[in-house]
Each structure stands twice: as structure tokens, then as C-alpha cells.
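First chain written, first letter: the chains are A, B, C, D and E, and each begins at residue 1.
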Amino acid sequence: DLLVFAAASLKTALDEIKTGQSIVPPAQVKISYAASSALAKQIEAGAPADLFLSADLDWMDYVERKKLVKPGTRGTLLGNRIVLIAPAGSKASVKIAPGFDLAGLLGKDGRLAMADVNAVPAGKYGKAALQALQVWPSVQPRLAQGENVRATLLLVARGEAPAGIVYASDAAVEKNVRALDAFPANTHPPILYPAAQLSDSRHPQAAAWLAGLRSAAAKAVFAKNGFTVIAAHAATN
Amino acid sequence: MLSLTPEETTAILLSLKVASVATLGSLPFGVLIAWLLARKTFPGKALLDALVHLPLIIPPVVTGYLLLLLFGKRGPLGSWLAEIGIVFAFRWTGAALACAVMGFPLLVRAIRLSMEAVDPRLEAAGRTLGAHPALVFLTVTLPLSLPGILAGVVLSFARAFGEFGATVTFVSNIPGETQTLPTAIYTFTQVPGGDAQALRLTLISIAIAAVAILLSELLARRSARRVLG
Amino acid sequence: MLSLTPEETTAILLSLKVASVATLGSLPFGVLIAWLLARKTFPGKALLDALVHLPLIIPPVVTGYLLLLLFGKRGPLGSWLAEIGIVFAFRWTGAALACAVMGFPLLVRAIRLSMEAVDPRLEAAGRTLGAHPALVFLTVTLPLSLPGILAGVVLSFARAFGEFGATVTFVSNIPGETQTLPTAIYTFTQVPGGDAQALRLTLISIAIAAVAILLSELLARRSARRVLG
Amino acid sequence: MSLEIDIAHDYGGFALQAQFACAPGLTALFGRSGAGKTTLVNAIAGLLTPQRARISINGRVLADTGNGINVPPHQRRIGYVFQDARLFPHLTVRNNLLYGRFFARRDDDIDFGHIVDLLGIAQLLQRRPATLSGGEKQRVAIGRALLSRPELLLMDEPLASLDGARKDEILPYLERLRDELRLPIVYVSHAIPEVTRLADTVVLLSDGRVQAVGSVEDLTARLDLFPLTGRYEAGAVLNATLVRHDEAWGLSVLQTRAGDVMVPRLERALGTALRIRIRARDVTLALTPPTGTSALNILPGTVAELQPSSEGAPQVEVRLDCHGDTVLARVTRLSADRLDLQPGKPVYAMIKTVALDGGSLGGRGR
Amino acid sequence: MSLEIDIAHDYGGFALQAQFACAPGLTALFGRSGAGKTTLVNAIAGLLTPQRARISINGRVLADTGNGINVPPHQRRIGYVFQDARLFPHLTVRNNLLYGRFFARRDDDIDFGHIVDLLGIAQLLQRRPATLSGGEKQRVAIGRALLSRPELLLMDEPLASLDGARKDEILPYLERLRDELRLPIVYVSHAIPEVTRLADTVVLLSDGRVQAVGSVEDLTARLDLFPLTGRYEAGAVLNATLVRHDEAWGLSVLQTRAGDVMVPRLERALGTALRIRIRARDVTLALTPPTGTSALNILPGTVAELQPSSEGAPQVEVRLDCHGDTVLARVTRLSADRLDLQPGKPVYAMIKTVALDGGSLGGRGR
């Protein structure tokens, strides 16, 4: 079987692509979804995976440094954006700009839901953006950092937190939240989902399957799920 | 390697507080439920029994999610409790609640096991000596269940000390408020190259918990010696 | 709502297999360690005691990672075991190992608690009747520890049935091989809109585990009735 | 007190069906192993809820299944010395002893120090039950029940594993409790000497049924009950009054209808009503008043009835009528033949004074 | 068998120090509650490792702290009837009984059915110990120990909570085990009748020390031990030979040096050597050979010694020399005075045949 290690956030899209008609070559494919960190360490420990789809660059770099990526196969598959969200019923409206009143949006004792700002990519990007916009010091004591983006989303969706920062792809699917505004792309490092074939991969269709993920049909599915499709020329990242 | 950052010290102290409060706070309920399960028959007992085990079966993240639904600011229980001044959301109390819930099956099982081993004939003797059943429970059943209570406390404490999934989902990871040792460890595991740091904190965590376990063993042995002579 | 996808059916069956193998496989070791802790004194006993509790204290992700380091294909134990044909890495056996390790403290504690409650005078009686201490253990101590063994098995099974952090870190989440019910649930919690799915699987998981728990209760009650008359 | 009992309980395999009322004082429950004694006592204590029960003490109804009354054990104010000691293993001997007293919350008219001394457990007070010897446990259990200040005392073979000397210390104390504090006692025992010495009423249980109820005098003299009471221990009980002390020889003289009986010196006031049990095996019969023997007591009477102890046994039990009192004698068939014993025949019963010792003499309750 | 014991053990507060050797047969351990009987028996079984011990049976050393020998309990082949029954609660009565037999792995010369019948536990075989009565538990425990085919049997108050009738069934069986299977038995009891009937050697323990060791004959006749053995039970033991059965009257005649003694019919072969115990309280003294009485046994003798039972007691113990055999009689001081008893004075000891029943007659070991 072709074994794909993919970041858990890609599940909806990848499952659709896997079962969809003729997007990728028909093959016995198994996809193991987990945190990028876990997958990377498993690859390091000799996991029999063929492809690795990471949710951030750091863990792909980690794997590549260990010489576990088949040279020339790494490319950027997708992009994403981070957005500021509020519960669906919220009346708030803000325009993200340098120094915007994020703390005011949180009210007296509200908290800003984010993924872990030191460990989870979405959190790291959010922190970078807030720093660039010079609002970081005003909200830093008022963070509620989740284990991952999903936890963040949940806090806002349940109204526990009046605002949060998540991927656009997440906000697009969750009905109970409303995206207030997207963070400008230049306020944080690019959010990219790299993909690569692993050096131990012997599966004959691995390369073709990876290519299939970049097909137009696949891109349509990704786009539908809120991801940014990266132009072909950036694929060599 | 063992010099701690202020943030880590805070996390350790918080973990101790959370685990202690979780364990001691759930103890009365644990004793009560264990007693019901060990000594009573009533309709719905099987249900209660299964319910107590739930936090073991349900993935911690889901437990955290359910706690959020129930005890969050908007949750049915959370909003009601907030009115009487009890707030769990984003507070260390919430972390304690999560840990208490996660450790509860362990606490109950251990106490129940010991209670079931208490000879009902001793309880009968207590009653013939004029003690109300509630007093018999306090003066006979409970002291004789001490091994189980200690074991339950140890398990629950250890579990609380290591709990992370439900806690972080329920009350997030707020340094100084809800960032316990395991949350801090988790953070390190998520950054490339953070292994060493994670391992360091893990060792600290183990050392602290080990001391707690050993203390409890000493206590248990002393109480056993008293009973066995 | 309860119609299952083939993948889910696979995950359920796999979970059952993993949890059963984990529990039954660890049982002999659990009994042995429980006996050592309950009845013997030896240097390093306190250490062993603390060691047994480790999987409770260490965050599951770290436990999974340590298992990966030890039992992975390149790990010191994993490479050695691979030579004699035992492979854990990325196999269901690995999931079972992870679950066994996570449930081990619960298993040992429950059994130990029951063993400590066995009256040593009965064991002495067995010995005067000519039974070798090992046979006394098998014919007296062990049967009388049955409540604890059952409780330990239930706790360990339930834990295994809900275990996710260590499993997914150690053996990943490969459908049909290592994707157990909790890891499948986890995957759903990681995608937007997966909540309903996650909840559905959680309910299924609860239902199955509840049946297992109730069965064990019946067994326990029957064996208790036999002893108490 | 009057204790009224009507109980039916079926374990499946063993059924207890007991109905009787007892006079004030001490009621002895007597019966073979497995006869249902402990079951009955448990029902009185409220530890067993029989399928049908009506139990009342002095009119206070403790249980009545008909009316749904079932006073819980802790409100029955019944002290229970269990067949197994059932000491609390986590408490010291002292705290075991004080347990009931604490919950009884009553005036301290039973003295802790006195009971501890009586039972010889003063040096054990700091110990825990696990290290006590069998008899020590039993003594602590007796003390615990006594100190709970019960209104009824249930004792299930309380002296079974005590040595004779200790028994001789405890029995008079039980007698005093019965008489001075008017504490009713239900006493289970296999030891006839204990029973006859203490009991006002004897209840004979056999296979879960009450075989006979009556005064000690009646039951121990009934020849048909010997298979249950035991042949060896057969004897008759006479009511007596203490009329004289003979200080010089250390003897006391008791007056009975049958005649005066000399017994070893009793520490009782003149005029005390007593019971004296004369075991059939201790009675030698003679046709003429014997002289020149060491037997001090010679009671004239007439043979009332002869009955072989059992089919083909070498002995016969001879019931004598001695001026209205019954005296039982057991003699061999050979002797009966040689002496030509027949109902109506006048004979002399010889009884040694030393045969009438502690086990045969009991203070009479009320 | 010869059992040699030399044990010292200190619990802190209680110290046992016992050194003695016993003759083959049954050794009775006798002593007050807390004297150290159970401790001693536990040491023999190997359940207690004394601070100093040398224990051997027939030369087989079971423990020798000097040489570091300590045979583990399961290899000692010692059957132990515990003071508390200690049945296995998870096994049926049947499996409790079979437990030891299974591990003994020896030829089945002890019959399961027979023992079950003897102990009257046939209808209990499917039950579990929790539902048994106190005496039923005790009987199962006896059966379990017997069926393990031990080479030495330790019995710690095995009959304490059994009724007289049941005792009378079990005691002869123990006698048979002792004599026919030559099974040595160490028997702890508070009941002198049991002890004297069965014992070849009596060990008197008091406060952890051996007070006296000797044959039943010696010890029960030793006047100085009465405070420990109990006055009530004082008596002398005569060696006898069964010389005649009197089928018509259901009697047997025993020959002793003191003279012929008639006892109730014994189911023994003529010529059997027996022991007969005559309790001092059962002996009436007469100055002339009594006639016309129901007492069948009249032994002539001379007064050898008079001793007051205790300071100021109303009785004296009279030791008679009857043609070389010792007979003890207890009479009041008054009688002694009236009869003018003096050493050297010829007297006649009258003993009722019915007083010489089950409790007094024991088969003689070897």
C-alpha cells in the first residue's frame, strides 16, 4: 500500500481527493493523519511512509535535515491564511491594521483564543502577525492558547472567547464562527504546506500520487476546503 | 540542566496545586460513589458504574470538549455556577476540575475495591454496639478502606500530574493560570529540537510524582502495620 | 447515524483486538509485579513502585515518543526484537504495546490492592497442607485476588479502549493497521466540522466499553457471591 | 424482662422455625452444631431479617414483619458477643472496648477498670487485635459488649476457648449482671455446666426447631431429652435455701424439700435462694442408710420411674421422689437388678459434698 | 514418634521459652489463655520462625537455628487444625477437604467418605465456608487437616465449639489415628476430660514457660499442679487390661493392680491395654466394705497421704495406695475427720461404674 503521512488538518480535503474519481492514480492508499510533529518523528524513527504532507515548514525541514526526503521531490502543496474570528452571533466588526484595537474587542475579561504561540504553526504565525501589527503587548497577557487550531476554533465557536485567530480553512467550515478579517499576508511568514516523497519510499506510484495532488481537480478540492492553492511556480519552494 | 525558568517554576507549582486540589476535592465524591457501588443496590447502578469509567474510555480531548460544553461560561452548568461565583473557564480551577474528572475512575475503583474487601461482619458488629450506620461507615468501613483510599489518591494524583489533553482543551494553556507541567512539556514536543527540553521537564515531573508516591507508600505501610500488628 | 463506514468498522474491530491483547498480554506481568509489590521486600522496591506509575505521570505523547525511541525499528530494543521476529513499529502490535503500557499502572494497582487484602493466614494454611508457595499463590492468593484482577482488567481495558496520545505518537494512525477508535476520533476532532463524527464514534466507543464493563461487573458479582455465599 | 420470639427463616436447605417466650433472667440456647443457634441470635440482634419475625422484649417490639416493624440493630440496644470475636482490627484493644460505650452515650455505671481487670486484659489495652491469642480476643469481645451498656446481652459461645480458671472468674460476674443489673442474657453454649449454672430458661434447639423450652429444673430432669441434653450431663435441679454456714469445716447447709444438703462454703447471705444441680452420675443409691462413708449427704426417697438410658445401654436412669423434689440417679442395670429397684421402693441417695461445686451451684435469678 | 522441641521466641512483652521432648502418641498442650500454646504450635508448623529453635520429629530435624536449618512449612508434612478454622473462602467444602490431599500426593489410605461421615459434613460438601455455622467450619477444618495425610497432626482447640455428642464421635477416631496409623498428635485444649482421655504426654505451659511435662498418670496425680490443671478435674490414672465382657449387663471388666473395675461395655478385644482415669471427686471412701449400694467397684487400699486442696479449703485430697496403684479421693475435711483418716489407715474406695464412661477411658497408645 501507498502510505501517506499527512497533517491532521488536511483530512477532509485529502479524504475527498483519495476517494474522488481520477484525481490521483487509483491505488491502495492509506493516509495516517496526525500532528506534523509526531509524523516527522515517526519518519525519523523509520516509519514506512511514502509521502509526507506537513502543515508547516519547520517539520519538513527537520525531516529533510535528517536526509529522509527523496531529493527533488519536495514542493509546496498549499497555502493558507490566518484570520481573526468571532462567534457567529457576535456584533463585533474590526478592520485589521497596525495598532488596531484588538484588546477592546476582547472586552473587560475576554480572552484571545490562539493555538500555542510557541509550538503550533497557527499560533506562531498569529503571534508574528500581532507583533508586526504592534498589538501583541496589549493581548499577550490575555491569550488562551489551545493545543491546536481546532481547540481555538472550539473556544470561539462556543463563545468562550470573544475572538480568536485560526486558519481561513478552519473558519470556512465552522458555522458557529464568523471571520472578522484576514491578517495581511505580509504580517507573518508565508503559511505553506510542503509535501515530499520520502527517501525510503519504494512504492511505484508514490511520485504519480504526489503529482496528482497538484492536479487541477485536486486543487479545486483544496480550494473548496478553504486552502490557498499555490501557483505552480512557487512549487519549488 | 535543572535550573528552571520562572515560567517553569510557575508551571510546577501550579501543577502541584492543581493535582492536589483535584485529588482532595474529588475524594469525598469518590468515597461516596465507591460506597454506593460497593455496598448498595439501586436502579441505575450499572449506569453509574459505566458513567464513572467514562473519562477512561473517552479520549481526553473529547472529555475536555465535553467539559467545555458543560462548564464553559455558556455551558448549562458553567453559567449556573458562575452566578454563585464558581468559575472554571480559563482558571486553574478548571484545570483541577479536568484533572479530577480524568482521575475519578481510578480513585473510585481503588476505594471501591478496598471497601468491598471490608468484612461486613465488622460493620454489623459496629451496629450492634449502637453506632448509626453512618457512624459505622466513618469509624469502621472508612478506616479499613484506607489502603484503597491511599491507592486511589496516588493514582488520581499521578494522573492529575500527567493530565494534559482534557485540561488544555477545557481551559487552554495560560501561563501562570492553567499552564501545568504536562502542557509545558507538550509545547516543547511540538517544536523541532524541543525534545531535550521536554525530557528535562518530564524528568522533573517524574521526580516530583515519585516523591509523592513514595510518601503515600510509607503512609500505607504504616497503616497496614497498625492493622496487622 | 450508526451506520459505519468500512474504515470505522475496521477501527472498531482493531480497537477491540488491541485493547484485548494489551490487557490480556500485560496481565501476567501485572500479576507478577503486583505480587512483588504486595508481598515481597527487596532493594529497589520503591523504585519499581514509582516506575510502574510512570505512564500515568508522563504525558501520553512523551510516553509514545519514548516507545518510538525504544521500540522503533532503529531503537535499541526494537532492532533487537526485530531480529527475533517481533515488530512493534507501525503495527497493531505496537498499538497494543502502547495501550498495555498506559494501562499498566491501573492494572498493577488494582491487583496489588486485592492481593494485600488477602489474609496471609489463609496462605499459611495452604502451606501447612503441603502446597508449595508457588502453588499456594495459584490456588489461594490469585483466586482471592480476583476482584482486583477483574477491576484491573476493566480499568486497563477501558484505558486501552480510550488510549490515543501514546498510540498515535508511537505507531501513527494508519487505517487498518494502527488506526484505533480513539485515533479515528482524534482525526475527526482535528478537522473543522468533524465534531459530529467524533461524537458519533465516541458514543460507539462508550457503548462498547460499557458492555465490557458491565460484563466484568457481572463476573465480579458472581465470583463475590461465591465467596460470600 | 420477658423475651418473646416467633421467627421463621429459610436459608434454602436449612429452615429455622422458633417460637418461644422466656422468663426474666438468663436464657440458655442449647443445641447441636448447626441447630440454628447463631441464626436465631442474629435475628434477635437484627443482623438477619427473617422471612417472618415477631420479636419483643418487655413489650418493646423489635421486629414484626406483619406490621413492617424492624428496629435497626443500632437502636435495639443489644450487646452481642459474637461466636467469632469480630474485633475491629484497626483499633487498639482499648478503643475496641470503648467503641460501644462511646455510642451508647449513657451513664457510666459499668466500670471500665473493673471489667478490664475481671477479664484480665489490662496489659493488652495498647495492643491491636491481630496479635492477641484466641482467648484474649474472646475476652476483649466480651468486654466490648458489656461496656456498650446493652439492655439485652447476646452471647454466642462466649467462653468456648477460655480455660476453666478464667471461666470461673467470668461466670459469677455474668450472674451478678443478671441479678443486680437485671440484665437479660441470651446465652448460647455447648457446655451444660455453664448452662445449668446460669440459666433460668433453657431453649433446646434441634434442626432449626424448638424441641423444648422450660426451666433448668424441668428440662434437665426430663429423661426424654437426654439424647439432646446429653446423657453424661443428666441431672436434676433442686431449689434450695441457704440456712447455715459451718465455719469450722468450710461448709454450708442448704435446705431443700428432699432434705438438707451440705456443700462447700458459699459466700452468700443466709436465706439466699439457690439452685443446686445434682448430676445423675454422682448419685449412689443404697437400700439402707449408709454409715462410715465419706458421703455427707444422704437423701431418703422412693423410686418413681426407671428408664434405660437408651436401647440396650448398660445404665438405667432412676427418678427418685424425695419428699416432692426430683433426684435423678444413674446406675448400671446390674446394680438396679441387684438392688431390685422398682417404682415405690424406698432408697437412699448418697451424694458427695465435693461433687456439688462451682458447676452445680447457681444463684437463683429473682 | 518422638518430638523434641527447644524454642525461644520473644514477641516483646511476651516471651516463650519451651524445651521438652514427648513420648510417642498424643501430646496435650495445656495452659491458660495467653500461655503461648498457639505460638508453640505455630513454631512447630513452621509458620513462626522463633529466634531460637531446635525442633525434630523422630530425628528428622525441622528447624535448627544453630545450623540454619528451617524446613519450609509445606515440606514439614504437618497437618494443622487452626484455632480459627481458616477455610479457603473461595472453595467449596469439598474442595477445601481435598486441597491437602491433592498436594500430599500420597496413597489414599484415609477414606474421604469415611471422614466426611464421621464429621457429619456430607450435606455441606457443595457449600462455601461463608455460610457454615461455627461448629461446621471447625469440623471441615479437622477433615481438611486429616485428609492431607500428615505425619504429625497439630490441633489447636479443635473441638472447642462442638457439642458433646459430636465430640464423642470424633474423639475415638482421633484415638484410632493415634494408635492404628501411629499418627503423632499435638493437641491444644482447655478441656481436661479430652486431654486425659487422649494424651500420652501432657505439657503444661504457663506464661510462656513449660511448667511440667509428663505422662497423664503422673501429672493428673500430682497434687501440686492442681492450681494449673484444675482442682475439679483431679484424678488418678490406672493402667488396666481388659479381661472380661459381661454381655448380659453390658459391662466390661478391667483388671488393675488395685483390683477389678467394672465399666460400661467396651468395644475392644480382650487383652487390650487401657487407661482408666478415676476422678478424685467420684471416689467415696468407706471404712467397711459397703453393701447394698449401687456402686459396683469397691477397691480396698490404705491411706498414703492427705493434703488439703488449698489453704483453708473444705476438701482434702486423699492419696490411697491400692496394691501399688494410686487412687485419689477428694473428701470434705469433715468426712476425713469423721472417718479419722490417717496415713496407713485401711479404707475402701467406692466408684460408680457410670462415672467411668467415655471421658475416663482411653485406649492406651502402644
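The rule we apply is simple: a residue touches a chain if its C-beta (ideal position, glycine included) is under 8 Å from a C-beta of that chain, and two chains touch if they have at least 3 such contacts.
Since this is a predicted model, take the numbers as computed values, not measurements.
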By label, the chains that touch subunit C as well as subunit E are none
Suppose you hop from subunit A to any chain it touches, then on again the same way; how many hops at least until you reach subunit D?
2
Since subunit D and subunit E are copies that touch, is their contact same (over half of the numbers shared) or different (under half)?
same
Averaging only over C-alpha atoms, locate the centres of subunit B and subunit E and give their separation in whole Å.
60
Between subunit B and subunit C, what is the gap in Å from one C-alpha centre to the other?
20
Could you state the distance in Å from the CA-based centre of subunit D to that of subunit E?
26
Inter-chain centre distance, subunit B versus subunit D - centres from mean C-alpha coordinates, in Å
57
Residue numbers of subunit D (touch at least two other chains)
84, 131
Taking each residue of subunit C in turn, which ones touch at least two of the other chains?
61, 65, 186, 189
Mark out which residues of subunit A touch at least two other chains, giving numbers and ranges.
none
Could you list each pair of chains that touch, in label order?
A-B, A-C, B-C, B-D, C-E, D-E
Subunit B touches which residues of subunit D in the complex?
45-47, 72-74, 76-80, 82, 84, 86, 88-90, 99-100, 103-104, 127-128, 130-131, 144-145, 148
Residues of subunit B defined as touching subunit C within the complex
46, 49-50, 53-54, 56-62, 65, 105-106, 109-110, 112-114, 116-117, 147-148, 151, 154-155, 158-159, 161-162, 164-165, 182, 185-186, 189, 195, 198-199, 202, 205-206, 209-210, 213-214, 217, 224
Considering only the defined contacts, which subunit B positions touch subunit A in the complex?
61, 65, 68-69, 72-75, 89-90, 165, 168-169, 171-174, 186-194
What does subunit C use to touch subunit E in their complex?
121-122, 124-133, 135-136, 139-140, 143-144, 146, 223, 226-229
Mind listing the subunit A positions that touch subunit C in their complex?
3, 5, 8-9, 11-12, 30-34, 38-39, 41-42, 45-48, 148, 150, 153, 169-174
